[in-house]
Structures are given as structure tokens and as C-alpha cells.
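Two complexes, one shared chain (chain A), two partners (chain B, chain C).
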Partner chain A sequence: MERKIRVLVAKPGLDGHDRGAKVIARALRDAGMEVIYTGLRQTPEQIVGAAIQEDVDVVAMSILSGAHNHLFPRVVDLLKEKGVDDVLVIGGGVIPDDDIPGLKAAGIAEVFTPGTPTSVTIDYIKQNLKRKA
Partner chain B sequence: MAHAPLLAERARAQDARAVARLISMVEREDGSRLPELKALHQWTGRAHVIGITGPPGAGKSTLTDKLVAELRGRGRTVGVVAIDPSSPFTGGAILGDRIRMNRHATDEGVFIRSLATRGHLGGLSRATAETVRVLDAAGYQDIIIETVGVGQSEVDVVRLADTIVLVSVPGLGDDIQAIKAGVMEIGDVFCVNKADKDGAERVIREIRAMLETAVLNGAATRFSELYGALAAMGLGPDAKAGPGPGAGEASFAGAAAADEDAAGGYFQAGAAHHIANQARGHDELALPPVLATVAETGQGIKELVDAIKAHEAGLAATGLLAKRRVENLAWELGKAAADRILSGLEADERRGYLRAQAEAVLGKKTDFYDALEAIAQSLRAGS
Partner chain C sequence: MNDMDAVKKGAEAYEAGVEKSLGKFPERKKDFVTGSKAPVARLYTPVDTAKIDYLRDIGFPGEYPYTRGVQNTMYRGRFWTMRQYAGFSTAEESNKRYKFLLEQGTTGLSVAFDLPTQIGYDSDHALSQGEVGKVGVAIDSLADMEILFDGIPLDKVSTSMTINAPASVLLAMYIAVAEKQGVGADKLNGTIQNDILKEYVARGTYIFPPEPSMRLITDIFAYCSKEVPNWNTISISGYHIREAGSTASQEVAFTIADGIAYVEAAVKAGLDVDDFAPRLSFFFNAHNDLFEEVAKFRAARRVWAKLMKERFGAKNPKSWMLRFHTQTGGSTLTAQQPDNNIVRVAIQTLAAVLGGTQSLHTNSKDEALALPTEDSVRIALRTQQIVAYESGAAETVDPLAGSYYVESLTERIQAEAESYIAKIDSLGGAVKAIEKGYVQQEIQDAAYAYQMDVESGERVVVGMNKFQIKEAPPKGLLRVDPIVGEQQAAKLKALRAKRDQAKVDAALAAVKAAAAGGDNLMPPILAAVKAYATLGEICDVMRGVFGEYQQKVIL
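Let's turn to the complex of A and B:
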């Protein structure tokens, strides 16, 4: 059977809005991917636990609360700690341009700011999977 | 890369990554999973498999979350297989059951996996059965399968379970009708969730009435089989005179006394019903537990787990567990064999052969029945 791309869409942090996360979840589903959605207010530990159990190819996080500089790298570090090195980690949400280089240095493969068409994210995922699709 | 049964070994040690990888191999029907699953085979058959089914939005995932917490509190490790439908148009899916349960993601004694229905060749039940076996071999003691109870394939999925919990809710109207249409017989424990809402009492009464009708009509329900076996051991509602005939044989199943005590609980869980019946002066009918829950607050969860565990104990004490597992596996093997034959028929060369036979029939070179025989023989030769 053809290999399905599995994506964990997660919302770390304390903000209570997940409209953006749901939009991207639907777009990824419509692109034929299997999206595991974990809901609001997830800790990095919960995100990593879910990513491992669900054996996802991608962890896509969205954050509006401004805690991205702490939470995104924490997820990358925890994945590394658990020996997971083949998962693509991407981020989105309200993220100032100035923060992006630091996030990328911390292992976030790409950051998508508001207004990015979902097709851009979809193409990015398809082209940058760390595992053979 | 060829996998030696290495993942299997790691899975046995409850390495979550290995368990997850194996399930992915199951999902994409990867041929290299077979040595791994074969290596795991000797470790399977120990888990108590619990199926939870009911209409969308009934609170199955919320219930599952609370069941996991309760079972963990009782010292059990728990695996969860949560099944959501794939989009028939894109093949993609949004698997949202985890929203209700992800607090357990950091608990090493819990493993939750979301499965999409995909276009599984061997059917959803095959992938689910293999996933359950992986979790079982990995040592998860209770395994919960959550699935939406609508179609036949979902019903097939819960048939994999030792204990089936049918979830209803108030306010759905004809949903009860949907249950009646063929699922009722397979329920071992009935749960009316959202009991905080109006109409829960009525739904409970309706379910009981339907169960009564089924029993009075002599329908072959899973619970009546169990009641019969328990009553024969003197564990039934009429067990005033102590163990009846058959109790001696029953112990051949290795049923510990503790099991029998717990098995009696399956009756107690339905006791409220019996009391109501006695008050009305009816004969007692052996009906399964029908329990009210409020999954959101956890109300009734302890009683639900008691009923589920009492049911398991009842199966073990009567020897029905072994019997059901034989029946289930025979069904699964038959289905897998049929699928294999079907995929043989659908192979391209075979299509050409079928067409040639069809032409021969129409050209009066052979007849339908001889052609059928020839096809059957060629399948046998090819297998």
C-alpha cells in the first residue's frame, strides 16, 4: 500500500485559539495526508509522546502566544533526547521575522507566518520529508 | 532495509518507537512486517481487549480517556487503538480522538494509536487485529479499540474484542433504531453516556426494553450465552442454592475463585434492573449491565470499569473466553483467506483468464458451471 504522510498538528502554549491549526489540518487532509490533531494547550512532552506513538513524519506546531522561542526548540530537543531524528519539525503562527533565524538554528526546519497559502506548506512538507515517502 | 525481527524484540521491551514502527508497517501492509509479527506471536493472547463503539459524538473518546485513567489507577497498562474514517475523496484524514486523551501521552504505561480506515486491502479489521496483537505482545494489559459504530466493517472491528461496550446518548432518536438493527446482539456492556442531559433515563429504559425483547424472542446474544454459562456454574441471578451442575467442569478453565467472585459482578452490574423487575412481579430476565455515565466528569466510570472487568472475569471463569477467541480467529482466518483468493482473482492475468472463460461460455464452448469449476481449479493450482 502507498505510504501515507502522517502529520501531528499540535498547539503548544496557553493560547486558546486553534482556528489556524484547524485550517492547516483540513488543508493537509485534503492533500491526502493523515493528520493527528491533539488539541489545545499541549506541553512539549505531550507533543513528543504523541509524535512517537503515532509514528508521524512531520510535527507541525502553531502558536500565537509568543512562547515559540521556548516551546518550539524544546520539542526538537525532546525528540533528539528520545533518539528521534527523522521527523520534520515545522512551526507557524504569529512569529516575528527576527525570531526565525534562531528557531531554524534550533532545528525548526521552516516557519510559516500568517498569510502563507496552505499550498506552500503542503509543498514544503512533500519536498522535505526526512523519510522516504 | 530488511528488518530482522529486531523491532519485535524492542517492542517486547515496550519500546514505544518500535511499537509505533511496527504499527506503521501493519498500516501500509508492508510485507516485511511478517517476520516481526511472527516473532511476536508467542507473546500474544494475554491482553483483555475491549471494544467501544457507538455513534459519532457519543463521547467514546472522552470515555476512553477516563477508562484509561481508571485502569491505570488499578495498576494496569493500557493500549488504545482509535479509529477514524478516511476521506473517500482524498484518502486523507483528520484523526481527532487524541484531543480527548492526550494527557496520557507522557505516561509510559499507556500507548495510544490513531488509525485511519484507509483503503485497507484486507479490510480495516485486519489492520486493527494486527495492531492489537502488536500492543498485546508489547505487554499492554488492557487494549481499548474505539470505533464509530455505523457500518459492517466497524462491527467486524469490535468483534475482535473480548468485551464490547455499546455507547448510546440521549437525544439521538433513531440512533437507538440503528443499534437495534444488528449490533445489539454483540453488546456485553451497555453505556448511556451524557447522563447529565435530559432523556438519559428514557434511553436506558428503551435499551432495556429492547434487550428484554431480544431475550424473550430467544435471540442469540453474546450476553445470554455468558449468562447461561454463569448460571450453570451457580453464579447466576438464580444462584440461591449455591453452585449448580456444571460448576465442576467450569473449574477446568482454570477459573480462580477470585475470577468467580468478579464474574458474579456481571450480574450485580445488572442488579438494578433485576430489582426493578421483581418490583413489577416479572420473571427475572438475565440482561447485561446498562450503565449511565457522564464521561466529562467521570461519573459512573468506576462502575463501568467494574462491569467490563466483571465481564472479562465471567468469560474466563466459564471458559467462554477461549471459545470466543477460537471463533474470532477462525472468522479472521476465513476472511483473510477469502481476501487472498479475491486478490488472486483481481490480478491482471486472472482478469484475462476470467474474460477468456466468459467468452468461452458465450461462445458455447463451455458452460457457466464448467467454467466456474475450471476457475476454482486454477485458483487452487496457483495458491
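Let's turn to the complex of A and C:
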């Protein structure tokens, strides 16, 4: 049987807005992926720990509090420190366009802003996995 | 008087005639629905409102069951309070924004705190990194609060504070600042949100588990009923429930179910319902479906009045009144073509006003992108002023009453809300229903259905899934300088070096003793705040006694 794509949907930091994260998690699941949702208030360390433990292909993070420039790159760095280089890391939320080039340079593969259909995110994941599913 | 049989016949004839012509003149779609996906009929007539008894169900403004509003003259007396939620960066920056808003004609303040403040961490805590000053102002101690309200006379303005888990601490700071201005607590007007239950289901800034959280809340009720009599001790909030994706009926139902839980907790703690219920206030959302939203506010008033009178035996009419603040719907705003948001907010403003709100925050057009700039905040405030002074909507009380459609919608929302409340009662009340994940699941299902409707195009969001254009990235967004975190940390270091540590230690020990025992927590928290104990220190003491809430993760 083909292995399903495994995704960790994560809420880094103190932000409590989880509507988007939960909608995305459910859409990914309905698209046939295995989804693990961390719940709120995860530190980058916790997110990386969960990603490794759950052996995920994708880490999808959501922040609406403005702390993305601090927290998203930290997750990428920690994954690198742990020797993980085949996990696709993506982010979403209320993120100003001006911040996106910096986030991409820091290793966030793609950033999805408000109004993005879930189908766009699903297709992106399918086409950009670093591991063969 | 209508001859109801004749009207009924006429309505049937009308429908039959329309059905005949549909082949040639089809309607735009098969099913018409409200913003919350409730069915909408082609036409409403007196037949639809025939069961309504005017005196029993609608009544007069300022009279039970308050369907038409809580005051007898409503906005003919005075307009709603125009209260713009604001706060970012440091206390110094936010103080400037408040003074700007007051100069622009805002009539009440509404303080947004940053996430570390809302979750009871000092700015130098590890978990605060990257969050300081972002979604609101950073407040670590009374010293910050003194700066925040510098030059703002607290006996003249009313202040709403969006603070929940650590509400006692921020209220204590406000009382202490007022005291320094020479304003007694009995002269203070304002509101603390203090609504922990919706934090568990929709907003996320909880700290402690439900039981001690409910105790903190009832301690505030008891303290304020004696010491701060004009303070709204809670703002029972449907706003965030709606933002999380609920329908209009769910917004009313889950909010009022939370309200029931607070009333029950306070009665259980030995308070008389009429001693605290007049100071309970509510907070609702205003979305785009104008008529459904107006009906929602009217239905909410009726449901609450009935509950307070019949279920809780409240005798004071003030206990029956559902007074509420409204904020326009952040989640309805689009990042695409953000100027369109001005129009959405104008419709929502009208809904809030036609629904009889006591105060209103209008969102700024750039909310889906960043914190609002001064220019966009001004437009948002002007929107309220135009509705107030130019639209005519404020010149008579409850102008939509008697509309066959609006009265039918009001009935439907009431019935749906009461059915949800009965379900929650059967689960053991709001706290149990939340612990079981029932409320969260209902909200998430509605949120997901909404998103799927947007993606299928069944629900049109102008500029987002229809009428799109190529846009250049927006310019001139407000940004919070990341240096704020360091500035706050430096302020904390200086404060800790300067204050009388022995006094702080003794005050924190008193908070701990009250938390572990049964004494009201407000007096020792007030003493600790005055000794310049920090928010994080006070919350840490309570974390030690109460433990921390573990979120139930539901997908």
C-alpha cells in the first residue's frame, strides 16, 4: 500500500487563532493525508520534536500574531540541527508580503496568506515533497 | 387588522403565480440562504409572524423581554459608545494612539494587550520571545500601566480591557493607577472581558483550569459589587466564537450557555443573582448579512431576559437586560482589494446599530494584512460617525421591528439558540460541554463548511473568489519594531532593581495563601500590584497553586 503523506500542522508561539490551522488540517486529511495537529502554544523545540517523532513529510505552521519572523525560521534551524533535511516546511497566516522573501531565504518553502484556497496548499504539498511518498 | 385567512390565500396565490413564471424567469439560484446558511424564503408576509404576540414576545424598548432594546429611548438619548480596540508596542506608543483616538472623537477606550500579557508572562519570559508588543501593548507591571494612562483622566473615560485569564491583575492595576490620579474605584467605568470559557473554545489565551478560573471570575464579581460598582465585571463573548467559524445562532447559543455557567458559578459561590447580574455584559460580532445580524441581536436579548427572569429568578430588571458591545467581523475582511473592507464594515456597523448595540468597534480595512495605521483607524471611526449622524438609523428605536422577515429571523434564531442551550444543559452545562469538545466540534464543522462553500464558489467573497484583479502588494503597513521586546526586558530589569523586594515577596505570599485558601483574591492581588510585583510573578504564584489548563485538541 502506498504510504500516505504525513503532515504536522502546528501553531507556534502564543497565538490562539486556530481556525485556519484546523481548516487546513481537515482539508489535508480529506485530501488523503495523515494529519497530526499539535494544538496551541507550541515552542519551536516541541514542533521539531513532534515532527521527528511522527516522522512527517511536511511541517505546516500557522501564525496570525506577527511572531512569524521569529518563530518560523527557528523551526527550520532546529530541524537542521537535528540533521533533518527532507521535511518540507511551509507557513501561513497574516503575514505581510514584505516578510515573505526573508522567510523563504530562511528555509520556509512557501508562505500562504489569507484567502488562499486549501486546494492550492494541497497541490503545493503534493508537488513539492522532499521525500518520495 | 389583517384578515389572516385572506392574507394566507393571497400569499399562496402569489407563490403559485411565481412558480408558473419560473420557467421563463428563473431565479438566480435554487436555494437562497442567510450568511449562516439558514434557508431564506422568497417572501415574508404577516402569515410568517402570525404566532408572535407583540406584548409577550416583542414589547417596548426598555421593557421585558427587551427585544427592541435595553433603553427606552435608545440612540435618541445618546449614541452608542464609539470604542476602538487599540494597543501595540510599548505603553508609551499606545498612550499616544489613545490620545489620537480621543482627539478624533472616540468616546471610550479599549485596550488590546499583547499575547504574553494576556497569558500572564512577563516580556522577558522565554515564551514571550517574538510576541512582545505585537497584537497589543506589553504590560508587565503597574509602572507600564501608569504610562499607558498618563494624561487620560480615568474618571472621564470608560475603558474596556480585553483581558481574561489574568483579568484580576489588570483590573487591580487600573484601580491602582486611578488611585494615583485621585480617582476612587467607585468612580471607575469600564469593562474587563474576563470570559475564560470562550478562551478554551475559540480564543486561546487561557492559563488555569476551569475550576480555579471560574473562582477568579466570581471573586471579581463579589469584589466589584462592593468596591467598583459601575464596572462591567465580564464581557461574555460570542465575538471570538463567531470568528472561529460559528453560525449566528451558535454565536448566541454558546455565548449565552457560557453566561449561564457564570451565573450558576456565582450563585453557587453564595452571591445573590441581583447583586452581580446587572454588571454582566456581552460582546457580539457583526457580520455581513444585515438582517440576520439584526435579528441575532434582538433574539439574544430575548433569550437572556427570559433565562434570567424565569430560570434564575432575578427580580431586578437590570439583571434581565443583555447589554452588549459589538465588533465588526475581522474574519469577513479580505487581504485582496482591502479598500472593499470599508464597505463591509459599513454594512456591519449598520447591523450593530439596527440591532441596538451599546458600544461598537469598527475594524480597519487593513486588518487582514497587519495592525491598522492611523489613517485606516480614522476611516473605521468615521464609518460609525456617518451611520450615527447621517444615516438616520439612530433616529427611532429598533426601526426594523415589525418587518415580517426580521421578526421571522428573530424567532428562528431564538428557537435555534434555545435548542442548543438545551443540548448543552443535557451535557451538564457549558464547562462540561467544552471539556467534552462538543462546542469546539460544532464551531469547527461550521468553519469547515464555510471554507468549502467559498472554495466551491457557492459563497461569493467579492475580490477574493470573484471579481479578482492583479494587485500590487499593499504599502505603508504598520510594523511593530522588534526592539520592543528588549526595551520591555530592560524596563523589567530596572524595576526589579528599584522596588522593595521584601514587600513584593510578602505580597506574593499573600496571593498564594488566598489562592490556596478561600479568601477573595482581589485584595491581595491589588496589594501585590501596588508593590510593583509583575504580572508574570503574580500569575506564576497562581500557576503554582492552580496548575495550568491542558487544551483538548480536536480535529
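We take it that the second predicted complex is superposed on the first by the 133 of 133 C-alpha atoms of A that agree within 3 Å, B and C clash if a C-alpha of one lies under 4 Å from a C-alpha of the other, contacts with A are read in each partner's own complex, and residues count from 1 in each chain.
Following the convention adopted for this analysis, a contact is a pair of C-beta atoms (placed from the backbone, for glycine too) under 8 Å apart; a residue touches a chain by one contact, two chains touch by 3 or more.
The shown structure was predicted, so the numbers you read here are calculated from the model rather than taken from an experiment.
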Touching partner for A:G83 - first (chain B), second (chain C), both, neither: first
Partner chain(s) touched by A:D97 [first = chain B, second = chain C, both, neither]: second
First, second, both or neither for A:R26, with chain B first and chain C second: both
Contacts of A:Q53 with chain B and chain C, given as first, second, both or neither: first
Contacts of A:V35 with chain B and chain C, given as first, second, both or neither: both
Which superposed partner A:P114 touches (first chain B, second chain C, both, neither): second
Partner chain in contact with A:H70 - chain B first, chain C second, else both or neither: second
Chain B/chain C common contact set on chain A: 25-26, 29, 35, 37-39, 43
Chain C-facing residues of chain A, complex: 13-19, 22-23, 25-27, 29, 35, 37-41, 43, 65-67, 69-71, 94, 96-98, 113-115, 117-119
Contact footprint of chain B on chain A as seen in their complex: 1-4, 6, 25-26, 28-39, 42-43, 45-47, 49-50, 52-55, 82-84
Chain A-touching residues of chain C, taken from the complex the two chains share: 115-116, 118-119, 121, 127-131, 134-135, 199, 203-205, 243-245, 331, 334-336, 368-371, 444, 447-448, 451, 454-455, 461, 464-465, 473-474, 477, 479-480, 482, 551, 553, 555
Chain A partner contacts - residues on chain B that touch it in the complex: 16-17, 19-21, 23-24, 27-29, 86-87, 90-96, 98-100, 102-103, 105-106, 111-114, 116, 118-121
